[in-house]
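Paired with chain B in one complex and with chain C in the other, chain A is shared by the two complexes that follow.
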Partner chain A sequence: MRVLRIHPEKCTGCLRCELACSYMQTGEYQPAKSVIRVSPFEGHTSYAPYTCTQCAEGWCMTACPVGAITISAVGAKEVQDDRCVGCKLCAIACPFGTMFYDPATRKAFKCNLCGGAPACAEACPTAAITYEDVETADWLGDFARERTARVLAEAR
Partner chain B sequence: MTPATATAPKQSKSKTATTARPGAFAGNLLRVDLTRGKCWAEPWGPERMRAELGGVGLGAMILYRETAAKGGKKNVAWDHPDNRLVLGTGPLAGLPVWGTGGLTVCTIGPGTNGPTSTQANGFFGTNLKYCGYDAIVIQGQSKGWVYLYINDDVVELRDAKSLVGLDTWETQNALYRETGLVGHQLSVYSIGPAGENLVKFAAIQGDFGHVASKNGCGAVMGKKRLKAVAIVKGTKALRAADPRGLMQAAEDMSHDLQTDASARSLYEYGTLPGVVNLSKMGALPIKNYTTNLTSNVAGADMSAWEAPKLRENFDHRGHQCNACGMHHCHMSVIRHGDKKGQIVDEPEYEGWSGCGWAIGAADRDGVAWLNTECDRACVDVNEWGWLCGWVMECQEKGYITRDQLGFELKWGDIKGAHRLLQMVCRREGFGDVLAEGVKRAAEKLGGPAKDCAIYIEKGATPRGHDHRARWEEMLDTCTSSTATMETGNPVHPTEVGQPARINPFDGEQVARYVAGLRGRRGFEDSLGICIFTSRTRLENICRALSAATGWTFSVDEALRFGRRTAAINRATALRCGHTGALEYPSARYGSTPVDGPAKGQTIRAQWEKMLDTWYAEVGFDRKTGKPWPKTLRDLGLDWLAKDLWGKKS
Partner chain C sequence: MAPRHLIIGGGTAGMNAIRTIREEETERSAITLVSAEKPYSRMVLPYYLDRSIAESHVFTATARVLRDWNVTTHLGKRATALDTNANVCTLDDGTRVEYDDCLIATGSSAVRAPVPGADGPGVHSFWTLDQARGVLAQIQPGSHVVMIGAGFIAFTILNSILSLGAKLTIVEVAPRILPRMIDDTGAGLVQSWLEQHGVAVRTGAKLTQIDEVKNRRRLKMAAGGDLVADVVIMATGIRTNLEWLKTSGVKINQGIVVDERLRSSAPNVYAAGDVAEGRDLITQANAVHAIEPTAQEHGRVAGANMAGKDVRYRGSLIINIVEVCHLDVASFGAWDDAKAETASGVKADRPAYRRLLWRGDRLIGAIILGPSSDIWTTNDVGMLKGLVQSGVALGSWKAHLKKNPFDIKLAFIATKTTGSLLPETILGRPSKAPGETPVAV
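For the complex of A and B:
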């Protein structure tokens, strides 16, 4: 399956992904409506984008009381606007903080992989965000395990 | 936190201003009156947007209209409450074009007591426009120290007592803590001790390493007792008239940057290659213009100054401005020596020059550290280099004694230079004289010391090159109305009908070239885009602007726009008393190199002829300095022709 993969060590914090994402999602440049967000780490020396990993468990789907979150053809968990009642349970359930709520529309919104051509990956000038085939849906788990092992090894 | 004074800006009442405006503009100017403690939004309409764009286009007009002294013949001085501090962005700021976080500062600065236009990047323009404003126009003077907080429609002047005395990085970190925001969620542009103490070459620094440095704009902020401007990344939207066209133009620009021979090294290493490249031309300033041989600097090994080695000497990480894919701005960590582990902003070429070569220092770790100390104190690193190098030379020659200065300062002494920096930015002892800037300090000392000082008679100092090997920059700097280069370096000169290259030591050719290239810089500095990411064909930038706004903006219109802006700034400069008599380099600045690649080339011998040619080419009157009425009418500035020439126009 194809997933959005984040390579935080390559991110320079330029936020072009946020602009591209908000344009695809809303037709306007409005980073506040972007569903990918870049966060700073280690003072102001490093940055990392994060967005929905389309995780296998899909807690947002489990939590949604009205079945408004479905899986799209490209494997993205997608909010169906006509069903969403804006209760925000999905936003509470998401352990990654990548489910958002728009007070203007009173609906939840999230990454839908732009229907299979993610604008953030296209816009990133340093390839810190790629859209690629992975063997397992749980690539983030592999990433976390590898990084944890490395950090622990360095600490020893 | 209780705001000292708080006034929410008024919502726009003009429907035309908000409904018909191009969506690339936010639609409002944020007006701030520090005397009255009031902030309000002033809508501006599409016609004015096209005529002034933003940045220096907007700033020049505001300075001309709003800083005249009573009677209109003269201008208010830099420290007058009626002086304006315009912090402008532009129509491309906040859009997905590389390097569009732009800030242009326009004000009457203390260096020349005349207008200035000076740029920084980062995220100022992005955050401001997403809050709904295209520029901030500050007037008045606050009684106590305040900072300006902007979060969409919440605009407050907040008490800044607790920030006084902090350097610019400390100020940004303190405001992060105070607001609970971090990174690009909060863009902070502030002044450090140099600005607070009205050092006449104080800068405005923001977002860890971006500096608007010219003409003491930081001292203007200090005089107004405005410690910082803190802008939350707003929630409002910008629109492009032709989004696909905008992305296409953006991609073409980035393609140019990555592949064109004139920009490729800039894309890879920012301005780092400047050190070695300029040293080969004799344009790297070494030891206050006393030599052009790098071998005269103790410990200099030029192979260590090649761009890749310069960067790899540090642990480093990209730290880019809005939407930028250049491998330019970096944060670095010092690996060696007593500053090991300290985070610094990777110096630009001018940092390596001002904190290094100009003062005879070749210790890369020390220079990088001192450069960040300059940013934190908020001084212009160029004028700093000329000042510190001058003091070093004067001490060596006995023109400034050890007793006068309080200690001994020798070439290349980084720790001593840092001590001097602290004295200057706190105006301690002899530092009080030096804080007035190179020209005024040199004039105060007089005699042979004055002859060693690098400055322009208008009161400013040049950028960080040895212009005795770059005549076009010296002419540009001296004839400019903005206290720094107004025409800028040639970028794809053939696109605007100029030759690809000229004889750099033929005054006549140089003057024609500088005059012929005019316009581009003023246009670019009105867009909210970085000077480096705009190093592409002008046609690409015009296409980006057209796609963003829905206008059809041609290369000719762009050049005309820039020249119009320069004419307006010239009118303000004339009102400030800048006559042609001040368009000269100081004795040392215009001297003849004694060694190196430009040895024996004497610009002073050709200077009068160069001025004559330049004036004739740009259509200005050599005697009065005024643009001719015809020149102004051709630029669509009939009203200015009337102002300057009265009935004779």
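For the complex of A and C:
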């Protein structure tokens, strides 16, 4: 299946992915509702977006007590709003921390790959987010290890 | 002849086992379900109580779905004895069900405080759907509800009671609220938060008697300060439903002792969920984890093995989350290990709290508390679970987290925890979506 591939070294931290994501998902430009989140590294000297990997286990999906998370036509784990009661079991089960909860609607929400046309990838001006037919992977680990050396040195 | 599987108990563990058997089996088996109640999810009863979902929403498998899955049902009946030599289960109406293998998933029942009047009118448990109906019928706007017990179950219905317009008082015999879920600091923050939101909390308070007075309940407290309530909810704990197995010969400790394939001391008898005492992921010792995620994983692993697969379970992780008045409260693993190395941080104004517990440079438990509108809370909840579940070596990130206990995400990403979690699946293959369970042809 096609997944969101992150190329962290290309990210400029412009946050257009967050805006695009929230607009596509909610109809409004509100980064607080984005399910892709840009993190700063090394005191804001570099950035990288982080989102759901659409993992094989689907911890959110198997944890849901009412079967409200299913697999969409493009292979994304997707929350069915009319089934979700807002119990947050998915949020505590997802070991990647990529589940979200909206106190206003009392529903969980997450990346659903925008039904096969991810807005974040389209909005990214540097192709730091691409939508590709590759095995999902830890796109940020090596980058983050390198770009956190100074933070770690301070802890010692 | 097709293998005959018997599932005793239609709760989370039993229903996950049935689905997994149908997903995994290579030849069509005969499945029989014995359940005292129609299958429903206890987790969502609080949302039925606050009327945000209809009663029909709580059921996890309708009669139609069970028919599609070709499950023979004995609903409304209880198992009363298991003969593990003859491979026969006897039900309360005398029915005898033969099996080739069976799963015991009979769950738990609510226990009330042993005080006079505890079974009187207007005193409820909130555990089963029937009991939820009873509570829902009694609470009116302006009712005074007194909840006895300030544990996880009590807190799952706290929002619902408030949203029905009731006044709420919580009485806890232990010195702090949520005594088996969070520590003193966390409990103190939650208690203040609740009091700010109009909930009265009494800790270290012992109930001695309940009397019926003019259609209301008077609750006598050991230290005085009696309470008068319209509705009393006893959330004073649960007991696993194991009495009926006394003569079965199955080895029982705190629960039915199971191996890594969820098999009991009788090789063709499995146990899952609240009744099973299986491996704890953190301690590697056997323990009863009476929580929904363990019931799900136990049920799936037991089902896969019953269907002829060889699936070993890594062990279960204690995870609890509850939201009260828009404050998320969660804990993981060995959050109360007195011997662990710890670090914590408090932001009293939000309020937010993190407590991290280590063995060596691996996280073995955590407590997290924060506003549910705070995105970091929700994301950190998951990443803390990931760090504890994967047991990833934190190396020098341990020192960073000790100084900066709120900086979970950076540590999670830079320790490549994602990479160590991605290959992990419970059944050794990608999970199927609900609704993908093969139906009978």
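FYI, the second predicted complex is superposed on the first by the 134 of 156 C-alpha atoms of A that agree within 3 Å, B and C clash if a C-alpha of one lies under 4 Å from a C-alpha of the other, contacts with A are read in each partner's own complex, and residues count from 1 in each chain.
Rule of thumb we're sticking to: a residue touches a chain if its C-beta (ideal position, glycine included) is under 8 Å from a C-beta of that chain, and two chains touch if they have at least 3 such contacts.
Every value quoted in this text rests on a predicted model; they were computed, and no experiment measured them.
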Taking the superposition as given, does A:50 touch the first partner, chain B, the second, chain C, both, or neither? second
Which superposed partner A:103 touches (first chain B, second chain C, both, neither): second
Which partner does A:23 reach: the first (chain B), the second (chain C), both, or neither? first
Touch check for A:115: first (chain B), second (chain C), both, or neither? neither
Quick one: name whichever of chain B and chain C touches more residues of chain A. C
Kindly classify A:32 by the partners it touches after superposition: chain B alone (first), chain C alone (second), both, or neither? both
Pick one for A:88: touches chain B only (first), chain C only (second), both, or neither. second
Just which bits of chain A does chain B share with chain C as contact spots? 32, 39
Where on chain B is chain A touching in the complex? 23, 94-96, 98, 123, 126, 130, 182-184, 208, 233-240, 243, 254, 317-325, 331, 333, 343
Which positions of chain A touch chain B when the two form their complex? 11-16, 19-20, 22-23, 26-33, 38-40, 43-47, 123, 125-126
So in the complex, the part of chain C that touches chain A is made up of which residues? 12, 41-44, 46-47, 52-53, 57-58, 60, 292-293, 296-297, 300, 319-321, 323, 326, 328, 330, 372-373, 375, 378-386, 389-390, 396-397, 399-400, 402-404, 408-410, 412-419, 421-426, 429-431, 433-436
Under the definition above, what is the set of chain A residues touching chain C in their complex? 32, 37, 39, 41, 50, 53, 55-58, 61-67, 69-71, 83, 85-89, 91-101, 103, 106, 136-138, 140-142, 144-145, 148, 151-152, 155-156
